[in-house]
Structure formats: C-alpha cells, structure tokens
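Listed next: structures, encoded as structure tokens.
Look for subunit A in each of the two complexes below; its partner is subunit B in the first and subunit C in the second.
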Partner chain A sequence: MKDFLTMLKRSPAAIIGISILLLWILIAIFGPSISPYTYTAMDMENQMTAPGQGGHLLGTDSLGRDVLTRIMYGSRTILTIALMTSLFSSIAGIIIGFSAGYFGGNIDTIFLRVMDIVMAIPPLVLSMVVLGILGDSSILSLTIIVSIAYTPATARVARGALLSCKGFEYVDAARIRGENHLYIMFVEILPNTIGPVLVEITARFAYSIMMIASLGFLGVGLQPPTPDWGMMVIENKSIIREAPWTVLYPSLAIASLVIAISLFSDFVNKVMVNDK
Partner chain B sequence: MQFLTWLIKRLGFVILTLVAMSMLIFLLVEVMPGDVAQTVLGQSATPESVAALRESMGLDDPLPVRYGRWAGGFIQGDLGESLYMRGVQINTIFWRKVGHSVILALTALLFYVPLSIFFGVLAGVKAGKLTDSIISFFGLATMALPEFVSGILLITLFSVKLSILPITSVIPIGQSLWGNLHILILPALSITFVMFGYVSRMQRSSMVTVMNSDYIRAATLKGMPRGYVIFRHALRNALLPTITIIGMNMGWLFGGLIVVETLFGFPGLGSLTLSAIKTRDIPLIEACVLFITAIFVFSTFLTDMLYVYLNPRIRFKGGDA
Partner chain C sequence: MTNDFVLQIKNLSVSYRTLNDAVSAVRNINLNVGKKESLGIIGESGCGKSTLSYALMDYLPSNGSSTGEVLFRGENLLTKTQKEMMAFRGNRIAMVYQNPYSSLNPSLTIGYQLDEVTMFHRGYKAKKARKASVEALADLYIGDPAGVARRYPHQVSGGMQQRICIAMALLCRPDLIILDEPTTALDVTTEVVILDIIGELKEKYDMSMIYISHDIGVINKVSDRIAVMYRGEVVEVGDQRTIFKHPEHPYTRALINCMPRAGVVKEEVRLNTIPGYVARRSAADTGCPFVDRCEKRNADCEAKYGMIERASGHFAACDRAYAEDVPDRKRAALKIPKVGNGSAKEEILLEISDLYKYYGNQHRRVRALDGVSVSLEKNSVLGVVGESGCGKSTMGHTISGLMAPTKGKILFDGIDISISWKQRTPEVLRDIQLIFQNPGRSLNPSFTLEKIIGRPMKKLLGIQSREERKKRIVDILQKVDLGEEYLYRKATQLSGGEKQRAAVARAFSIAPDLIVCDEPTSALDVSVQASVLNLLGDLQNESGAAYIFISHDLNVINYISDYIMVMYLGRICEYGRKDEVVGPPYHPYTQALLSAVPDVDPSLIREPVRLEGSPPNPTRKITGCPFAGRCHRKIGPICDTTPPPKVQASDDHYIMCHLPLDQLGDAELDKPGNLTKTESLMKTVKA
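Here is the complex of A and B:
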C-alpha cells in the first residue's frame, strides 16, 4: 500500500485519472439529489436553450430537458453496469480460465478452440444481436449479456496468469498435503495472480464503459426515457448544428470517464505487473 | 513441404472455425424468443395466417434441417430472402453495402497506417522525452474513446464550426460513392482516432526494443548517419509486430464500422447490420454477422501467413517459403 502511494506521487497522469473517476462517482451518488430538475422534466419555455441560460447550466435538449441532470443520472447507470460487468466477467473468466489451465490436457485444448471461435464475433456485435433480438434491454439484461460477451477474453487472461504460477513449489506442496483442486486453485494460486487479475478488471472496466455507451448509442441499450449517455448522443445528433451542447456534453462525459479509467488502469498495470 | 502441411492445417482450421461459427450464429438467432412469422405479419394477424406463413417459410421443420437449408444456400452464394423487405433477395442489396464498407475501411487504413507508424517511430526514437509523452498520451486517450465520441468531436470541429465537411455521409439518390468521395473523410478519421492508439503504441514499443539492440548500437558506433540507421536498419525489423497488429485489428475494424456508419448514416455493412437487428430481419442478421466474423477469421489467417513470410527467423526446411 505504501509502495502504491509513493508510485502514485510520481505519476501525475494516474492522479488526474483517479481524481476524475472519483469525481464521477461522487456525481453519480449525489448529483441527482442536488439537481433542481428530474431527468424527464420538460421545461416548455426553455427548449434548446444554450448553456447557462434559463437556469440550465449545460443547456436543454429539444424537449426542454436539462442536459446536466440527464448526464448526472446517466452516470449512475453507466457506472453501475460497467462495474458489474467488469466484476462478473472477471469472476466468470477466472473460474473458466483457471479450470482450463489447471486441468490442462483435453479440457484445455477444447477450451482454447471454443474461445477462438467465440472470440471471432466481436463482443459489440454479439451483444447487439442478442440485445436487439431480445428487444427489451434492462440494467440486468445488459449486465448479463455484456459479461458473457467479455468472458472469453478474461478467461484467456486468467488462464495465462494461472499457467505462470503452475510450476511453483507451493502448488506442489499443497498437492502433496492433499488439498483439493478448488483449494489449490483459489486459495493458493489466486492470491499470487492478483496483479494481472486486477489489471484485467480495471482494463475491463474501461472497455465496459465504451461498450455500454456504444450499445446505448446504437439504440439497443437502456430504453427511453432512462437517460443514457450514448443514447443522448444519437437522439440529439440531428440538432447538432442548432444545439451542439446536447451532443457535445454527453460525448465529453463519456470521453472523460473512459480516459480517466484508462489512465488508472495503465497505472495499476505499471505497479502490479511491470515493476515487480 | 513443411510449409504446405502447415498451410493446409491452418486452412482446415479456418474452415472448421467458419462452420462452427455459422452454427453458433444460426443457433443464437433462431433460438431467441419471438415468432418470426408473427413479426412479419404483425400483431393483428390471425393464428391461421401465421401458421400458413410458418408452413410456407419452412419454420416448422426441425432445427438441423433448417440449418442445412440455410448453410447449403450460403455455400452456393444464396443468402436467402429478406424478411422485412418481403421478396427482396439479400444478395441484391448486401454486396453493394459491403463494397461501400470495404472502401471506407481502406480509406481509414490509408489514413491511420502511415500516421501511426510515423508517430510510433518518432515516440520510440525519442523514448522518455516530452515528444514521446505527448504522443503516448494522445494514443492512450484516442484509443479509449468510443468511435462515436471521436466522431462527434470531429463533426463539431469540421462540420459545425468550420462548415467544410458534411455532418452525414449519405449518398444522394441516383449517385454513386465515387462521385461523393469527400463523405468518407470524417468516418475514416473517426476510425483513425481509435486505431492510432493501438498501432502507434505497438510501433513505439517495438522501436524501443530494436533501438536498444546490439546491431543498431553497432551501426551507430560505426558512425552511420542516425536517419539511415533508423530507416534502413531499425524500421525494417520494428515493422513486424506492427503489421501483425494491423492485420489482427481488421476484424475489429469491421465491428467498429457499425458505430461509425450509424453515426454518419453511411450506407455500408455496419448500418445494414443495425437495421437488420432493429427490424428483426433474421436472414439478414445471419448474413451480416457471418460475414463480419468471416472477415475476422480470414484476416487473422492472412496475418499469420504474412508473419511467417516476413519473419526471417521462421523458415521451413526443404523449401524457400
């Protein structure tokens, strides 16, 4: 932990990243209760007002809804879903990847072949096909489907991390002690692969934000009137000339959040993997 | 001969992957809830007419029979008939859109390959200096942005502020893409944003490795001009991993096209895929998704071949391959 803080002091990029991420988390928790508007409230006198006018800090959209309020509500859903997908896909990936790597042989070969095939469909395409056909995207269905779409990738990382530990004496020692496979995998090996696993979770967090935003943009994510950053962009794209703020601010929100998490993830990578 | 065996093995695996892929896509799409016949006829249709349509579309046949019919048609180049646009053969619309997407993808390649190699080399040569930090940060930031976010930033700058490029990339009715090449610029730039990060980071790190190698040090110590060392000696070897990354990302590129084409309204494979999903046009979804994955599988295969061909350390005995 002390190591972590000293390294953090020397990395301004990581400090910026972590600060922006914390800021977004605070906005997600407190923002909606501070805002004088609700995300569906239509201000009929102020449609497409520019930022700063009529009491709307970031302006309003064509229906007179407050852009800032919708962004603040949107941060809740996107952060929740992205956090859950990065956790779930990592857990599923660890279970599958560890089992394949640990038992090796035919199980491992079959695992690798199946993953090769599933990974040939881009995760975005896979998710949009399933969500589009199901037709009704909720927080739950988005979380489950994106987690599944990401699991082949996380499983490969987990398998690689396990293989790098497999030959060590402590693993053999545990086996000779008569510990069962589950114990060896999750109590002995898992703590030793925590570096790459954490890197994977943080990187996955950034990917998940991109994915959720893109799905919302394509119209197969959360459905209106729930505010979603990606959806706000495509909804208002037709008025980008008249009211550029309705498109630009949600885009900047996505950009700042993803870049912040990437900077954080880059730092975790430096601390946990490269400099050990 | 060893190369030939390797090639046949790899090709066999490509075909096997495609077959498994097609089964997976077919299952995924067909097993989903929702009655196709009901979708086609609408909610007000009588049960009798739905049953009649199911019968005529062969939807009541068992799954393997339907798969066989579909895959058989596919191999013969028959992509089937669209559900949403009744009576329209998918072949008549599909390949034109694919052509548009390929042109867009090639334009993007033309933009991002030289740009990212140039800046990657520059960052690698100046490793640890300010130039490197700026290029590396820019790469990380652009790589992290979804395509539609960089697209919106580009539209705001070039279309709203400067008014020099169109907001949408639609082809006017009765005209072809060739007369409207300027509509390719912003979509291609959006893809460039994302790809620049991946490729330039790879180019940078391989450049750093090569620049620290003994033979480059020897060449420098011999007193060769720095530019000559960088371009004649280092770059040739440092390009190999970059080429691999570019090839591996071809499949990715086609996935990313869905977002870019939707943003700009560009009539390509990506926007066709999305509209197929929105209209639940099952045969069209299957054709689009299978095509996208086929591109991924083949580009990975070609990249492997190119890697073997370019890497002097991999040589098969008994041949000059």
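Here is the complex of A and C:
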C-alpha cells in the first residue's frame, strides 16, 4: 500500500485520472438527488437557453430539459452498465481463457478458432445487430450483449496470462500433490495473473463506456426518455448551430470519463505488471 | 604517465539510483592488472562483480553513475565520451558475457557477425575480414572454421557458441579481455575445454585478462591473482595460491571452505556455511561489508576498516580469519553411518527396471531414457550425475509422477507406479516428494509459507484443523532453520536460500519415504548451497527418507550420496557405491567428468581428460555404446556396433564398457610422486 501511494505521487496523470473518475462517481451517486429538476421535466419558458441562464447551469435542450440534470442521471446508467459489462466479460473471459490455456491441445485449438470468428465481427456491429433484432434495449440486455461482444478479447488476455504461469514448477508441485484442475487454475494460478487481469478489467471499463455511448448515438442503446449521453448527442444534432451546449457537454462527459479511466488503467498496468 | 599496468582502477565506486534510495553496487575499488596478468574476481551473486566489469567499459545502465578513475594504459576511460569509447570497446578491451546464446544475433550468420568486428575497427574489406574471422575460429580449435562461419548461431552447440564469442573478442587482439562468467551456463566437460583454450590463447597473444566467476575452482584454473569481492568491495587481493592457502579475511576463508570438493563426504565433514545472505547495501552504510554475517566480528569491525598489506602483494581488509572460532551455533556434526558398506542390506524401496521415456512422435523421437534399471535401498541416497540432456531430470520426473514412462516398470514399496500423477493413489503421492531446482518458481509467489507448507498436510495427511497444521509447520520451519516469524511471509519476500529451505520444509512436512531432489542447489550461491546440503543431509539422517539426488556437479553428488549413478544419453554408464565410482576402475566418461570438475584446491592438478564436441543427437538410434563418439579410450568399431556389456567390478559396482576391468583404471595416467593428501584419498586422475 505504501508503494502504491509512492507510485501515485510520481504519476500526476494517474492522480488526474483518479480524481476525474471519483468526481464522476460522486456525481452519479449524489447528483440526481441535489438537482432541482428531474430528467424529464420540461421548462417551457426556457427552451434552448444558454448555460447559466434561467437557473440552468449547462443550459437546456429544445424541449427545455436541463442538460446538467440529464448528464447527471446519464452518468448513473452508463457507469453501472460499463462496470457490469467489464466485470461480466472479464469473469467469462477468465473462465473460458483459463480452461483453454490450461487443458491445451484440441480444446485450445477450437477455442482459438471460435474466438477468431467472433473477433472478426467488430463488437459494435455485433451488438448493434443483436440489439436491433431483439428490439429490446433494457439495461439488462445491453449489459449481456456488450459483455458477450467483449468476452473473446478478455479470454485471450486471460489465456495469455495463464500460459505465462503454467510453466512454473509450483503448478507441477500442485499436480503431484493430487490437486484437481479447478484448484490449480483458480487457487494456484489465478492470484499470479491478477496484474494483467486487473489491467484488462479497467481497460474494458473504458471501452464499455465508449461502446454504450456509441450504441446510444446509433439509436440502439437505451431508449428515451432514459437519459443517455450518446443519445443526447444525436438527439440534439439538429440544433447544434443554435444550441451547441446540448451536444458539447454530453460529449465532454463521455470524453472525460473515458480518458480518466484510461489514465487509471495505465497506472494499474504500471503498478501491477511493469514494475513487478 | 606510463607504467607496466594495462589497467589501473582507482577508487572506483558505482551507485544506482532506485525508487527508494541510492544503492552502492561497487565502492572504492583499487585494483591493477599488469601486462599478461590474469586477475580473477570472485564473489557471490549480488557482490558487484558484473557491475564492476560494466563500469570498466563505461557501460552502465542509465540510473548508474560512477566516480573514481579507470586508467587504461594511462588514459582515464571514465572521462571519455561515448564516441571515443567506441575505439576501446571491442577493439582494445573486449568482453565475453555469460550467455552466448543472447550475445549472438540469431538472424545473422556467425561469419557476418565476426567480420563486422574487423570491418568496423580495422577497416578491413569483406574478404580480408572473413580470412581473419576464419583464422580466429581456428584459433579456438573449431573444426571446419569456414563452414561454421556460414552457419547461424542456433546451428551450433552452446559450448561452440561461447567459443565463437571468445573468437570475436580476440579478433582485434585486445590488450585486455574481460570474461564475465563465460562458462557458468555450460556443462563441466565443455567448460574445461574452454578454460584450457582461454589459458593457451592468453599466452599466445600476450593479453591481460579479468576473469569473473562465482566458482573458486574455475578461478583457480585461469587466474594468477585473485580479488575477492563482497557487497561491492574488494575484501582481499593476492596471489592465487596465497588466497587459497592462507586467506586473511573471514569471508574468503568461509567461501573457500563452503565449497564441496573432491574427497569431502557427508560421513566425515560437515560443510562450512555462512549464515544469512548478501544484503543490499545502501550508500550510507560504512565499515566492513561482511560484518552482519561474520562469526568473528568484534567491537573494532565497525570503526577500523581498510585494506592493509599483509604480505608482499597480499592485501586484505581483515585478518581475523583464524581468530578463535565461535563454537557452531547450530547442531554439531551428526555421525552419519555409512550405508551399504559391508553392513546388512537394507530393504529395497524403489526398483526401476528397463525404464524408457521417449518424447516427440515417430518421426522425431528423443530418447530421454533408454533402458534404465536401478534400485534404491531404504534410507540411502542415490546420486544421479551427468551432463545436461542425459535424462537425469526425466528420470526424476517419471519417478515423482509428473509424467508416465513410455515403457518399463517402477516399483515403489511393491506398488507399480509407472503411471502419472493422475492415476496415483494419495498414499503414493504422499510418500514421494519432489524438490525442484528453482525455488523461486516452485513456491507459489502469491501464498504465505503457512499455505505453501500447510496445503500438502491438509491434502495428503488430511489434517483439517488449522491450529494443528500451524503447530506442525512451525516445527518443520524450525528444523530448516527458519523461525516462526516466517509463517506469514510470502515466497517473494524470502532470499534464494530461504526459499529452498521452505521448499525442503514442504517436502518433509508430510514425512515422505522418498524425496527426489532435482538439482536443488544449482540455482543457489555456494555459501547457501552448503547450508542446504547440510540441511538435506541432517534431515535425511533424522527422518530415514531415501533421496534420489540429481545434480550435474560431481562434488555435490559425491558429498551427499551413498550410491552414484553416472548417466549419459539416457543410459547408465556406471553405478556403484560412491567411493567405488569416484575411484578406479571407472568408465571413461566418469573419468572425463572427474577430471573436468574444477577443483577448489589449486595444488591439485589433474591430468586432463578432454571430451570434444557435445553429446550426439538424441533422436538417433544408437546401436553401440552411446559414449563411443566422444570416448578417449575407444577401442574400435565394436564400440559403435555392439552395446557394451555390464562389467561387474564388485557386488554393487558395475561399468558398461567393452574394455576389460583391469584396463579401466588410471594406470596409464598415473605418475608416481607429488600426491596430495586429498588425492591419495580420492585416487583420482592426477599428474
């Protein structure tokens, strides 16, 4: 822990990243409850007001909804979905990747080919098509589908991490002690791959945010009136000349969150993998 | 200013900046290397030997900085720019590194890499450069040098690669050559050939040499003068014989005494050990670097410290090497009874008959074990020795169950265990334990010692209560000289020796009958090796477990074993009680191994039996004697065509050779006179 703090002191980028991330988490938790508006409340007198006027800090959109409030509500859904997605895809990836790498042989070959096929389809296209067919864009289905789309990538990372540990003699020692495969994989090997796995989870977190925002932008993400950052951008596309803030602030929100998580992920990588 | 010295090092210090503090890796070194002189630098790992050599070439990593002077023929190298240094590096000062495989570029031919040197430094044209390269290769006794020059590094053996590296270093006829552990990664039989060549070429080209090694035997062979380094400082410098015969610094003496050597066996001698380990030294520490591990320290050690000339040319930082020995704080030497020497035979614990293990497929089959039959008595130690690739580890792994043999039977206490771990019963898994070569890799770095040692107890002894396990773990930790405070340490927080002790503790924690030790000391420093060997000896004696002790080091094998089995290319060459194996009559391969082992005692000079080349391709089916291709006593075609018969030398001792028993001695190598005490004890090959 002491090392962690010394390392943190030496990397200003990580401090910035973690601060922005913490700020967004605080906004997601407390923001909606301190806002005087709800995300659907339309202020008929103040439509497309500029930031700071009429009691709207970041202005309003064409329907007179408060942009700041919508961003704050949007941060809740996006953080929740992204966190769940990165966790689910990592857990699924670890299970699949570990089994493939551990047993090797034909299992591994089949795994690699299947993953190649899934990876050949861009995750965004895959999610779009599936969500489009399902016609259901609830938080749950969004989470499941994005998790599936990301699983091949995390499985590959997990497989690589396992292979780098599999050759160590502590694995042999466990074998000739009669341990079963699950014990060797998840008790002996998993703790030693925690570095790359954590880096993958954090990086996946940033990707998920972009993915969910993109899906919202393309109209297959969360459906109105749920506030979604990507959707806010596309909704207000037509009034970008008259009210640029309606597009600018959601975009900034997406960018700042993704950059913050990436900086944090770089730091995790530095602490957990490179300096070990 | 001119003088006779090729290299003068004055007050050289090197420190590295790290995250937390500055580490002083080398401090206040004063050394001179004269013309044609060979200086050996010896010390354990982490003593700054390699850092010193890099500092001499002004080639430190970016966080290193050096102060002092390095005068090469009067010119201070440390004040040169990197561009100016190019005229020195590889040209007037050459360096050979430990691992030839990583110092040669795998994608360029050997000839190209050699030519480059003279083309760059001497401005030779391609043809002339190649001629020089081929000559240099021929100097190193490489057969078909022109052909070798056209090959790629991976197409030649490790020993050959190192010879090529040396040839490269010699191309520009440097004034000084620095060899940094050039033979550590090689087999003894290859090592001894390279050492011979180095000695010869040094004479031929009037070079000065700095030879860095952790092995006193090797240093003795090639150096005129020896500098002993400890934690970044030179603690003693002097003539090779003086250092060996009468070391003044306690560290030097301890280091020499902890090497197992010819004639030292566990029944008679307990190896000397140095407690503790080489700790990192911060720039603030002063005084004697050895003080924390020294058994002869007194109140003066901190304050009075400095190099003093003890005799002409012999400098040491301390003279307390012979101060009254502090009585051994540990257990006194146990009287270890000799096994199998006339006394009643013990019961057979393990019986291996006609064991085969093949790797690969039908097209490319590697015969790792090619018909091995041996048996092991209860409570005895079988030493398995041979060069790398002879199948000794494969044998250990089939016995411990990491893999099943291809053919053949292993009977353990009457149970057939020629199956892998998947099918073995928990009782067999409990009774056979394996200690691995590298403890850093065999202990899970994420676990505490409690978990590492406790898990086999829970799994194989079925002790469910954590308290009960803990009690036993503390017991066993104390037996391996690790205290209770180690219970919650993780493997990564231990030093190399402590890790191996923990691994030994894990193996012993469930009271097995047989422990397979696969090179348990070869990844350790000599001082630590000694303590682990002592520990293994004590525990074996106490517990009555049998060992199969695998090592490439004949001195270690000779120290710990009761029986020795010499392997070559998956077959047994010789088997017998240890005194029978290391004495005549012996198999020609055993003879070569014995004479190749660099001995600690410089007065012991042996008639060299040199093996050329490397073991043949193990994928080829051998019809005759596997050793025939390299044998110095080959009789004729019979060796290549007919498998050698088993010649029984005594009840326990047999040799696989076509030569009759009376010709397998060292009669023709024996020359009367100048037998040292050790030699007459050993009756080995000598001058």
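FYI, the second predicted complex is superposed on the first by the 276 of 276 C-alpha atoms of A that agree within 3 Å, B and C clash if a C-alpha of one lies under 4 Å from a C-alpha of the other, contacts with A are read in each partner's own complex, and residues count from 1 in each chain.
Please note the rule applied: a residue touches a chain if its C-beta (ideal position, glycine included) is under 8 Å from a C-beta of that chain, and two chains touch if they have at least 3 such contacts.
Worth saying up front: this structure is predicted, and the values here are computed from it rather than measured.
J.: Could you tell me whether subunit B and subunit C fit or clash when both sit on subunit A in the superposition?
T.: fit
J.: With both complexes overlaid on chain A, does A:E169 touch subunit B (first), subunit C (second), both or neither?
T.: A:E169 sits against subunit C, while subunit B stays out of touch.
J.: Which partner chains sit in contact with A:V118 here, subunit B, subunit C, both or neither? Use first/second/both/neither.
T.: The first partner, subunit B, only.
J.: Of the partners subunit B and subunit C, which touch A:D266 in the superposed model: first, second, both, neither?
T.: first
J.: Quick one: is A:L57 in contact with subunit B, with subunit C, with both, or with neither? Answer first, second, both or neither.
T.: neither
J.: Which partner, once the models are overlaid, touches more of subunit A's residues, subunit C or subunit B?
T.: Ranking subunit B and subunit C by residues of subunit A touched puts B first.
J.: A:G178 in the overlay: touching subunit B, subunit C, both, or neither? Say first, second, both or neither.
T.: Only subunit C; A:G178 stays clear of subunit B.
J.: Applying the touch criterion given at the start, work out whether A:V130 contacts subunit B, subunit C, both or neither, answering first, second, both or neither.
T.: After superposing on A, A:V130 lies in contact with subunit B but is clear of subunit C.
J.: Applying the document's definition of touch, where does A:P191 land relative to subunit B and subunit C: first, second, both, or neither?
T.: The answer is second: A:P191 touches subunit C but not subunit B.
J.: Output check: A:R241 vs subunit B and subunit C. Expected answer is one of first, second, both, neither. What do you get?
T.: Only subunit B; A:R241 stays clear of subunit C.
J.: Which angle, to the nearest 10 degrees, do you get at the Cα centre of subunit A between the Cα centres of subunit B and subunit C?
T.: After superposition on chain A, the angle is 90 degrees.
J.: For the combined overlay, can you note the least CA distance between subunit B and subunit C, rounded to whole Å?
T.: Here the least C-alpha separation of subunit B and subunit C stands at 5 Å.
J.: Would you tell me the residues on subunit A in contact with subunit B in one complex that are also in contact with subunit C in the other?
T.: On subunit A, no residue contacts both subunit B in one structure and subunit C in the other.
J.: Could you please specify the touching residues of subunit A with respect to subunit C in the complex?
T.: Residues 6, 168-170, 172-173, 175-179, 188, 191-192, 194.
J.: For the complex, which residues does subunit B have touching subunit A?
T.: 17, 20-21, 24-25, 28-29, 32-34, 137, 140-141, 143-149, 152-153, 155-156, 159-160, 167, 251-252, 254-256, 258-259, 262-263, 273-274, 277-278, 280, 285, 289, 292-293, 296-297
J.: Touching residues of subunit C toward subunit A in the complex: what are they?
T.: 19-20, 400-402, 421, 424, 426, 429, 432, 434, 436-438, 441-447, 455-456, 459-460, 506
J.: Which residues of subunit A touch subunit B in the complex?
T.: Answer in residue numbers: 13, 116-118, 120-122, 124-125, 128-130, 132-135, 206, 210, 213-214, 217-220, 230, 233-234, 237, 240-241, 244, 247-248, 251, 254-255, 258-259, 261-263, 266.
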